[in-house]
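Take a look at these structures.
Both complexes shown next keep chain A, but they swap its partner, so chain B is in the first and chain C is in the second.
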Partner chain A sequence: MAMYQSKDIEVYADKKWLEQEAVKEREQEKKSALVGFAKRLFRHKGAVIGGIIIILFIFIAVFAPWLTSYSYDKPDISAVLMAPCREHIFGTDEFGRDIFTRIVYGARISLKVAIIAVAFSLVIGTVLGAIAGYYGGVVDYIITSITDMAWSFPTTLLAIAFIAALGTGLQNVIIAIVLASWSGYCRVVRGQFLSIKQREFIEAARVLGMSDARIIFRHIFPNSLTPVIVMATLELPKAIVIEASLSFLGLGAQPPEPSWGAILDSGRGLLDQAPWISLFPGIMIMLVVLGFNLFGDALRDVLDPNS
Partner chain B sequence: MMLKYIIKRIVLMIPVIIIMTIFVFSIFYFAPGDPVSRIAGPNATPEVYESIKRKYGLDQPFIIQYLRFAKSVLGGDLGISILQDRPVIEMIKERLPVTLQIGFLGFLITFVIAVPAGVIAAVKKNTVADYLCMTGSLVGIAMPTFWLGMLLLYVFAYKLRWFPISGDGTIKQLILPGFAIGLTNAAITARMVRSSMLEVLKQDYVRTARSKGLSEKRVIFGHALKNALIPVITLMGLRLGWIIGGSVALEIIFSIPGIGRLMVDSILARDYPVVQGSMIVLTSSIILANILADILYTVVDPRIRYS
Partner chain C sequence: MSAKILEVKNLKKYFPLKTNLLGREKEFVKAVDGIDFHINYGEILGLVGESGCGKSTTGRTVLRLLEPTEGRIIFEGQDITHLKKNKLRSVYKHMQLVFQDPFASLNPRKKVGNAIDEVLYVHGMKDEAQRRETVRELFDMVGLRGEEDKYPHEFSGGQRQRVVIARALAVNPKLIICDEPVSALDVSIQAQIINLLVSLKNRLGLSYLFISHDLRVVKYMSDRVAVMYLGRIVEIAPADELFKNPAHPYSRALLSVVSVLGSGKNKKKIILEGEVPNPVNPPSGCRFRTRCKYATGQCSEIEPQFKCIGNGHFVSCHLY
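Moving on to the complex of A and B:
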């Protein structure tokens, strides 16, 4: 058994101390980077406007029951097709239901569908992209082929086709959106992994004998996160629009669920008598999409050092 | 090199089309419920049930059924509508032209609006004109096409009565849906034109043209615009899927008997052969358009690598 020489111990202690210092430094760096990032984000007009719209949207969705005294599905014969007035600021529909209430509850559907759909496609796409980019070879070839195929399908038609197979309903809308949009993340993450994999610090980590999992999760993944975050922010409004479109076509939310697309559709036959039924949900969709797009573009500007 | 790339792209298209047909075929195969009783109806006698099972080949295993399906699709036979009991291909032939007309008009309006707007925004960068164009573009991108369609229908058909409220078979019925597609698509395209134009204006040959003493007008319209539009025009091919997807809802809003409406009606009525047929026709034309756009882009722009 080899004896530790005192010099070795010194070196070891030195190394330990240096490592701790490095960790401290890195944390400090991270903190200041985060502060700088927040500062730049707050100075960006698009980020502020988009951020406010997103926060309002989430607020409405979370506190829906406290924002209104009406029910979104109970008919009221005494208030059929009322134009916007003090009691019903967005008017009522053909069943006397308050449009404002339905829109407020509809925000819950939009938010829920968008978050679940984007989360699943992000995870599926990221994992597949990471595997393809890191391991390369046959695995990469297979995953890339599948991705390219999924990518070349038109999103809306693909979603409609899935609904045709699975049946209507919000759950199937989520599945349809996931299947139609995971390939985007896969492409981005694969590209990131391919380029980061060849950098020196990864080579160093490999020489030091780190496991694949550790290299992937500790070193490559955090460095490839930026475009994924930007993409997810910009995919959320897309998911909201797909859900609204499918519900508008009668393929998504089923009555009396107050999806914005479904409310829009219910006003279609009453456009001449009661334009407010379709007017307000459309404005909401537009605002929310605008908010996410502004925020996503701002994130890209701030996070991407090349721009 | 170039030819090799083109052949490669076309060859790679084949598996995409095959997978697409497998997928579309599975819609019918895996859709909830027993396909035989779906065709035969609930009151069919066992004999009728058996004969229908044999007639549609539903007694065979999946792979045989698919091969049979693929063979007839290759021969231009898309099956028979359950609801109308006539060849699907005939129904599609009736419905497709009107959808293509809407799409064509949409493209036309896109260019008429997006090119001037994008050029002005680029040439007068950071002026009021630029901000106006880009704000309009942001709003246009956020606006759901089907909602814009309803707004146009309300204002120009119900209130001003310039256009028919529902499809009347004349060219007039196409104008409002064409504008709904054209305006929202122009929003994205104008952004593309602007950034492409800004990129070109930085190039050496533009500086040379300027230093030759050419008028600013000739520099912009004679030299810069031509080159700036190359990526825009070719990338427009990639928007075909989006345009057809948008057309689905618009055909319903404007009561126009196009292929999108046919498809949604057939999904809701569970007339699967029609869904499959229209899906195959639409997706294969979109995949083809994407590849043509890809090839065109590479052919026109020699800087792109053919790998």
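Moving on to the complex of A and C:
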């Protein structure tokens, strides 16, 4: 009898303990969705590797003047076409300019172009997509037609066409990238709006007398952000590549501006004598694009509620 | 006492199915095809029928969430059928909706307290302290004291439905359209929500349009019941009367199921033959004739009109 009792007590204690654990767990869950998000992100290998590359890239771009003692545009006849060595770790080009310095400053161009271009195309695409998805009808028809036309061209080709019309230069590169890539956001946001608009809580908001603007910005938009964020992260490397491509073709950054694409192009004729001129900017473009793509994919995995 | 809070006249809602080359609609799903009913102040009108008969469409069209194809909706003596969007807001102060699925009808990214706070703000309560107090009262009223700071996913289905009810009450409505408010919930929770709705009705003097396919719930809740079949109301009667003496053959079949389940009496279940006809091409004459065992030649030719067979009991059938 006594034995049973003690066992019962044990079971009871067990139960009590389990309950307490459950309560603790729930409280921890409540603490913050953000903490959980960060945790999952840190556990994701792609996110960590991509994140490190992105942070390094941003660090280089921001602190460029402190990372090198050379100038990115002053020629130095005493150091023409030097192979990588202790003084010039990435070598020098045909004007004796330090490739490492040019790449470090080039990071600024890449980052600036990518961020500005993505920000503008994000805003334009989101606003148009939201209008098309929410109002539907003729407005949707017009916006969708334009979007589909823009979407059907390869982005780089479209950007080249715009540059041809606008003229060369970094500012026009940004405009060209925006004009060539807003349609992607528009499609994604329109799709999100179409599906979320149908949900009952939007109907509820309408019955509760809320204005269209409030429903769009306070109710639909916050619920459609996830894919837009992921998309923006994946569009950044695309913008970097387009900028590099245009500069490679001589349509973007003009000499002596040290865009990675331009540096790559400047070494093209000297590949057999000085391969390092083209090699290092190429590696940098690859690394940064890889970093953003890894991070963007990781973000998609982590933000997807089904994973 | 018998003043009408809501009157619906010849309401039709057609959904276009196909459009021809010129963009004109050729075929329609006749979801609601000419229905008339009214709700008195302080009354619960039950609306029953099988899935797809147009119950929910009726509810949404009355609220102008769907634009009516034809007919008139008169709320508190005001014709709201063609009211402009910005004027509808004042109507929504008095007429609210409780949804079927409490998982879908709350914004997942908003704390429930904030969701209701927003409603109060939109309807002109600008003082924050006053709003907080009102939110607290509303949560108290639906039995969720002190749960304002949670997200919808932290609640169970029944609790969420309470939040949805609190949100509907925030604007101080006179009429609430309940669209299958309990059918997504466990049976044990259903009773709680139903009792909450009834007690709120008594306390606040509300009227309900109670849409449901659950006949037991409707029987318990409603003062009067309307039976819908294929976009039409076939019978309206006081609840007791309808459940005692269903007149329309469809109502009889529908209600025979409840009698068997509920009272323990050994009535026979009437099993309907055949399928519900396609609402794109409903049968001519009486819509129920294809499944009705009393159908005669007259039924396929002449559409039956509503007839009063006494005691506020209306039926549209050639048998009477």
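Going forward, the second predicted complex is superposed on the first by the 275 of 307 C-alpha atoms of A that agree within 3 Å, B and C clash if a C-alpha of one lies under 4 Å from a C-alpha of the other, contacts with A are read in each partner's own complex, and residues count from 1 in each chain.
Criterion: a residue touches a chain if its C-beta (ideal position, glycine included) is under 8 Å from a C-beta of that chain, and two chains touch if they have at least 3 such contacts.
Every value quoted in this text rests on a predicted model; they were computed, and no experiment measured them.
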item	value
Chain A as common anchor, with chain B and chain C clashing or fitting	fit
Contacts of A:S245 with chain B and chain C, given as first, second, both or neither	first
Touching partner for A:L294 - first (chain B), second (chain C), both, neither	first
Touched partner set for A:R199, first chain B, second chain C, both or neither	second
Chain B versus chain C as contact partner of A:L34, first or second or both or neither	neither
First (chain B), second (chain C), both or neither touched by A:I55	neither
A:I89 touches, of chain B and chain C: first, second, both or neither?	neither
Partner contacting more residues of chain A (chain B vs chain C)	B
Three-chain overlay, closest Cα atoms of chain B and chain C, distance in Å	12
Common interface residues of chain A - those touching chain B in one complex and chain C in the other	none
List of chain B residues in touch with chain A within their complex	12, 15-16, 19-20, 23-24, 26-27, 30-32, 138-139, 141-144, 146-147, 150-151, 153-154, 158, 240-242, 244-246, 248-249, 252-253, 263-264, 267-268, 272, 275, 279, 282-283, 286-287, 290
Residue ranges of chain A touching chain B (in the complex, touch as defined)	145, 148-149, 152-157, 160-161, 163-167, 237, 241, 244-245, 248-251, 264, 267-268, 271-272, 275, 278-279, 282, 285-287, 289-290, 293-294
Interface residues, chain C side, partner chain A - complex	60, 63, 65, 88-89, 92-93, 96-97, 99-101, 104-109, 118-119, 122-123, 154, 164, 167, 170-171
Footprint of chain C on chain A - complex, ascending	30, 199-201, 203-211, 214, 218-219, 222-223
